[in-house]
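Note that chain A is present in both complexes that follow, paired respectively with chain B and with chain C.
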Partner chain A sequence: MVAAAEPGISAQQPKEKVDPIRWLKENLFSTWYNVILTALGLYIIYLVAAGLYQWGIADAVWVAETRRECLDKNPNGACWAGVFAWFEGFIYGRYPLDERWRINFGVIVLVLWMVPLWLPRVQGKIGIAASVVAFYPFFAGYLFMGGDKSLFLQVMVSIAIVSFIGVIVHAVIGVTSGGSLARTLLRLTGVSGAGDKLQRNLLIIAALAAVAIAFMAQAQWEVPTVSWVRWGGLFLTLVISGIGITTALPAGIVLALGRRSQLPVIRVLCTTFIEVFRSVPLITILFMATTMFPLFLPEGFTLNKLVQVIVAVCLFAACYMAEIVRGGLQAIPKGQYEAAHAMGLGYWRMMGFIIMPQALKFMIPNIVGNLIGLLKDTTLVTIIGLFDILNMIQAASQDVPWRGLHKEPMFVGALIFFIICFSMSKYSQHLERKLNTDHR
Partner chain B sequence: MKLVKFAAAFAAAAGMLAVGTTGASAESTLEIVKKRDILRCQVGKPSPGFYNLDAQGNWYGSDVAVCQAIAAAVLGDKNKLEIQSVSTQARFTAMANGESDVLSRTTTWTLLRDTQLGLDFTAINFYDGQGFMVPKGSGIKSALELKGATVCVLTGTTTELNLADYNRKNNLKIQAVTFEDNNVRDDTYLQGGCDAITNDKSGLASSKAKFANPGEHVILPETISKEPLGPVVRQNDSQWMDIVKWTVYALINAEELGINSKNVDEMRKNPPNPSVGRMLGAEGNLEKGLGLSKDWAYNVIKQVGNYGEVYEAYMGGGKLGIGIDRAGSPNALWTQGGLQYSPPFR
Partner chain C sequence: MSTVEVQSIRDKEALASAASTEVIIDIRAMNKWFGQFHVLKDINLSVHKGERIVICGPSGSGKSTLIRCMNRLEEHQQGDIEIDGVTLDTNLKNIDQIRSEVGMVFQSFNLFPHLSVLQNCTLAPIWVRKMPKAEAEELAMEYLTRVRIPEQAEKYPGQLSGGQQQRVAIARALCMRPRIMLFDEPTSALDPEMIAEVLEVMIELADTGMTMLCVTHEMGFANRVADRVIFMDEGEIVEQNTPHEFFENPQSDRTKLFLSQILAH
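For the complex of A and B:
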C-alpha cells in the first residue's frame, strides 16, 4: 500500500534531464550479458512485429465478399474484409439495424452526463455522480428495451431527463462562471436574499415543475420493443459489466461493514453470504441462475435470462468487492477510529468522513483490478447462450460466407478488451495520484 | 473446462428429476405457444448449415428453417419465432424446464435420449453419419488404413464415443486429440498436428470448404455411425409432437408432390390432384386433429419452402449453403433412392 504513495513523491521532484545515449548505456548495455539480453529481446520483438506486419498488413486482404475470395487473393494474410462485414455485429450484437441509434444515443447521453465529473470548476460532483447512478439506468433501460412504459418508469424517465438537463446546464454555468445551477436560478428569480428554508423549498418546487414538464413531454415518446434476446455484442458485455461494476462497490461496502459489525445477526448473515458466493465459481452461479432456478418456478413462468445473469454477476462481484473493502478497512490504524470517537462522531459519520475516504484510497488498485476481472469474466455468458462480444466473434467464424474466419475477429476482440481494460487501469493510476494526499 | 462439464452434469441430473413434475403439465405446449403468440425454438451455438448467424444478427440454416416452419404452421407467421441458442450441455435441461418449446439442433436420435430424458424425437430432417477427412497427400484411401494415426475430434459429443468404438472394433490404435472449438481443431489439422479429423460428414464437408485448398483433402468413404437428426419435443404431449412431426413431413411431402414456395398459390387454387388439395387445405379437414388452421401446410410451404428448397439453400449449393451433394445421399427423396419419406397426408 505504501507503493501507492511513490508516484506522488516522484511527481514532486524536479525532473532530471535525460540523455538518451547515457540512458541506453546504463540500462540496456551496462554489462556483456545485458548486451546479449538486449539483443535477444530486440530479436524477439522483431520476429513478432515482422510476423504481425506480414500477416496483418502486407499480406492482408481488405476488400472481399466472402472468405473464399480472401483466400483466393492471398491465403497467407489476414482477411480484414470479414471483420469489416461483422464489425457492427461485434459492437451491437443482434440488436435490430434500424434501432442501433438508440445504443449510440444512450452512450452519448451517458458520456455527456459524466463529463462534468472531470471538469475542475464544476461543483457538487458527488451529487452528479449519484444522479447518474440513480437515474441513468431507468432512462437507458427504457431507451434500450422500448415498448410500453409503466407509470413508475414514466416518472423515473422524467426525473432522469430533468437531472440530465440540469447537470448539463449546471456544468456549463460552472465552467463559464464557477457558479452552480441552484444559485443561478435563485439569482435570476431574485430570491437569493431569502432564508435558507425558503430557498430550498423554491428549488424543490422548480425541480418538481421541471419533472412535470418532462413528464408531459416524454408521454409522446415511444420506441419499439427490442427484446433482450436481441441484445448482444460489446453492448451486452458493457451492460452486464457496467451494472455489475456500479452495484459491486456500494454493495461490497455494505457487506464489508456488515461483516465487521458488532451485531451478531448481521455479521453472520453477511459472512455467510460472502463465503457462499465467493466459494462458488461464476460459471456455476450462471448455470444455477439460468437453468436450475427455473425448475423451482411454477409452470409456464419464464424469467428474463438477462436479468438473472445480471443479478448473478452483481452478487458475485459484490462478494469479492466486500473482501477488498474489508482488507482496506483492516489497514486503517486503530488510532483513526479512536480519534473519530473522541471527536464525538457516530458510526456512520466516522465511516463516511474518516475511515472510508482513507480506506478507499488504499483499495483503488485492488478495486480496479477486480473490476477489470469482472469485465473479462462477463464473457462467460457465452456458455448460457447470450451473444456477447466473444460469442459474436465465434459466430462470425461459422457464418457460411466467412466460414473459418476466427483469428482476425479474435485479434480485434483482444484489441477491444485491451483498450477498455488499459484505459481503466490508466484511469485508476490517475486517481491514485490525484487522491494521494499523504507524504509517507 | 472440467467445471463446465460438472455444471452441465449437475444441471442435466436436475433436469431429469424435474421431468416428473413438468411432464404432467396443465396446459399443452400448443396452448402455451398460441397464447404467447411466439414460438421458442432451441438451436445451439452457430454451426454451418444447420443454424448460423449472419452479420446482421439474423438466424439462418436448415434447423432454423424447421423452427420457422413450425412457427408458420402454428402461428401463421414464420417470424413469430424466438430462436434460443443454448449450449450443448444445457440443451435438454432447457427443454425440461419449459424454456424451449421445441429443440431443433443437430441432436442425434438415440434410444437412451428418447426414453430417459423426458423427451420425444419426432421426425428426421437430416441423415448424417460420422466420417474421416485426411490430406490427399497421405495416400490414405480407407479409414481402416488409419492404424496408429492421431485423429482430431471435438469433445463432449457422440463423435468422440463413436471414434472410440470404431477404434476398438477395428483395433486401429488411434490416438484421439480432443478440442472444444472446431476452428482450433481444423487449424491443428492443417498444421499437421493430427493425421485426420473425424466429425459428422456434413461438418467435414463444411470444414473442407473453408480450407485454403479444399482440393488437397479427401473425405474417406466409410461412415462409422448413424446420426439421424431432427426436432425434439417434451414427452407426454402427443398433440405437440404430432404438430412438429407433421410439419417436417409437410416439407418432405411437398417436395414429393412438386409443391414449392413459388407454385403453392397456384397449386392451392387449382390442385392438380386430390393429394395436393388435401395437403394445402383446399379439401378435406386434415388440420382438425392437429388443432391448427386449415392453411397450416400452405403457410409452411409458402413461407419456408419445401424440403428440397431448404436443403438447396443451406446444405446445398445456395449462396448460404455449405455445398453437400444431395443426390445419392440418404437425404434424397425415397423416390430418388434416398431415405427422406413422408407418411401420406390423408
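For the complex of A and C:
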C-alpha cells in the first residue's frame, strides 16, 4: 500500500490516504486466484443476504394473531408477529405485568449510577465503582423482590439511596466545576478552613444524617413481593451473569493470590478449590448446587434455587478467573517485584499499585472473553428449570397460538446475545488501547 | 589534569571522608547459599557514612548477591548484617525500615511502565513516607531536575531512552531520601553514548556525600569517585584498597588476572 506522506507534518506519522479503487485492485483483484476467491466470496455473501432479506423482510408477516394466520398470509416468510407478542416475555420473563416498571427503574438507576465512571472530569472513580458494587445489589435486590424489609436490608437500602444521590450530585458538580461533593459541602457550610480531622468527622456526620433521613423515607416505601420463580427472560440472564461477572474478578484475584501464597495451608486450599471447580462442567455444578447443596444445610433451612444457581455460577466463574489472573501475574517481570520491594512498599501496596494494574492490563482480552463465555453459559440454567431468555424463547414455541414458532424467536435471541457480547468485545478493545501506556 | 593529579586529589578526599568514622553498614561473617551452592563466603565488610565503594569482579562472583543481601532482596543464612544500626533478620518491620532507608538502582532500570515518570517518583514517598501528594511531587521535580530530565515528568518510561530511564530510576530512589544508595551495574545495559550521562549523575551524587555502593566495571568511574574498590571472586572478598593502590599495585594474582582482562578491552 502506498502512503502519501504529506509534507509539513513530519512530527506525526504521515496519514495514509487510501484510494479505494487502488485498494480494491491491490487487495482483492491482484492475481487470478484472488479474483476467483473474491467472486466466490461475494456470491456467498449475496446468497446469505438475499435469503435473509427474502425470509426476514420481503416475505415476512408483521401483524397476525396466531401462527396459523402467519402461515396463511405467507408460508415462506418469517412470522415476526409472534416475536412481537412474546418480546416482552423474552425480556422480563414471567415477571408480573404491573411490576415490570421496577426492572426498568432498576436498570435506569444502575446506568445513572455508573455513567459518572465515564465522565472525564469526575473525581474519585474508584469510590464510585466501589459504591455501585457494594450497595446497588441491596437496592436492586429489594426492588426486584419486594415484600417486607428486614432491618438490615432497610439500612442497606438507605445507604444505597444516599450513595446513589451522592454520586449523582457529585458527578454534576464534577462536570460543571471540576470539584467534588465533599469539598463543595464543606465550602457551603463554611468549615473548609477547619482541620483535616474535623472536616472528615463533619462529612461522616453529614453522611450519617443523610442515611437517617433516607431510612425514614424508605420506611414508607414498600413494593409487592415478586417470587423469584417469576423472574425470567433477559432480566434473569443479566441478574445471574451480572452477579457472576462482578464477583468473578475480585474472587478470582483472591484465589490467584492464595494459590501463589507462601503459606502452605492457604495455597493448598486455593489450589484444590480451583482445580475441583475447573474440572467439573458447569452443568454438573448447577445440578449439584440444586440437588446436593440442600443436603448439607441444617434442617428447616431452605435456600431458593435461584440463590443456589447464582452461588454455583459465581464459584465456577471465580475459578476460571483465578487461573487467568495467575497467568497475568506470571507475565510480570521479577524486576517489578524487586523494585517495589526495594523502595519499601509492602505486599498489598505492591500488588495494588504495581503488579495488579499491569497484570490486569495483560489480562483484559482473556477476562472479557471469559465474561462473554459466562454470559452465554448462564443459558444452561434452562436445564434446571429457570426461565432465562433461552427458556422463554422455547416457551414461545409451546404457546398455543404460536405453537411451532422456533426460528424467529431463536433468531431474535441470537441477535440479543450478539449485540451484548459484541459490545463487550468492542469495549474491551477500546479499553486495551486506552490503557496501553507502555509503548512497548 | 593528569590522572595522577586527579588521583592525589581523590586520595586526599578519601582521607577527609574517612574522617567520618560512623559505621553505616556492618557485615560480619556473613554466608549465603543458593541451595547447595555457596555464593557468599564469610563476608566481612564495614562501610563508613559517606563512603563510596565500587565492587568489581568476574561474572558470577556474587557481587549482585552481596548488595542484594543489604536490602533483603536476598536472604543470608549466616552472620549479621547491620544497616544504620538496624539488624536485618526475619523481622518484617526491620526489613521495611531498612528498605526505606536504602535506595537501589538496577541494571535493567525496573521502572514501572504503567506509571508516568512523575508517578514512578512519587509512589513510595506518598505510600511509604506518607508524604502529601503535592509535597511529593515537588520533591520529585527537584530530583528530576537534578538528574536533568524535568521536562520528561509526564512521559511514560517506555517513551524514554535507556539513559533517561536509568536517570529516572536514580531520581526515583533518591525521592525516598535514602541514606545509602546501592547500584547494581547501572550502566551495563546502556548503549555507550548513554553511559556518560548516567555516570555524570552518579558522580554528582557522590559529590553530595551520599554513601554509595556500586557494582560496576567502569574503572574510570571507580578511579574518579571511589574511596575504596572491592574485588570479589567466587563469593569471597579477595582484595580491597583505594583505587590508586588497587589499580597500580594489585596484590593477589586473581586481581591481576581480572584487571588485565578488563583493561584489555
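Brief remarks on what is shown
By our rule, the second predicted complex is superposed on the first by the 418 of 440 C-alpha atoms of A that agree within 3 Å, B and C clash if a C-alpha of one lies under 4 Å from a C-alpha of the other, contacts with A are read in each partner's own complex, and residues count from 1 in each chain.
Simple rule for what comes next: contacts are C-beta pairs under 8 Å (C-beta built on N, C-alpha and C of every residue); 3 or more make two chains touch, one makes a residue touch a chain.
Remember, it's a predicted structure, so these values are computed and weren't measured experimentally.
Partners chain B and chain C, once the complexes are superposed on chain A, both fit on it without clashing.
Applying the stated contact rule after C-alpha superposition, one finds that A:220 touches neither chain B nor chain C.
Of the two partner chains, chain C is the only one that A:342 touches; chain B does not reach it. Of the two partner chains, neither chain B nor chain C is touched by A:279.
When the two structures are aligned on the shared chain, A:361 is found in touch with chain C, with no touch to chain B. By the touch criterion defined above, A:383 lies against chain B but remains apart from chain C after alignment on the C-alpha atoms of chain A. In the superposed model, A:262 lies in contact with neither chain B nor chain C.
In the superposition on chain A, A:353 makes contact with chain C only, while chain B stays out of contact range.
Touch criterion not met for A:31: it reaches neither chain B nor chain C. Partner contacting the larger number of chain A residues, of chain B and chain C: B.
When the two complexes are laid on top of each other via chain A, the two nearest Cα atoms from chain B and chain C are 45 angstrom apart.
Looking at chain A, you'll find no residue that touches chain B in one structure and chain C in the other.
Partner chain A is touched in their complex by these residues of chain C: 71-73, 96-97, 99-100, 102-104, 106, 108, 110-114, 123-124, 127-128, 156, 158-159, 172-173, 176. Across the interface of their complex, chain A is touched by residues 3-4, 6-8, 10-11, 14-15, 18, 22, 25-27, 32, 45-49, 52-58, 82-87, 89-90, 93-94, 96-99, 181, 183, 186, 206-207, 209-213, 319-322 of chain B. Contacts from chain A toward chain C in the complex involve residues 333, 335-336, 338-339, 341-346, 349, 353-354, 357-358, 361, 435, 437-440.
Residues of chain A touching chain B in their complex: 67, 71, 75, 85-86, 88-89, 92-97, 227, 229-230, 232, 281, 283-284, 287, 290-292, 294-295, 299-300, 302, 383-385, 387, 391-392, 394-401, 403-404, 406.
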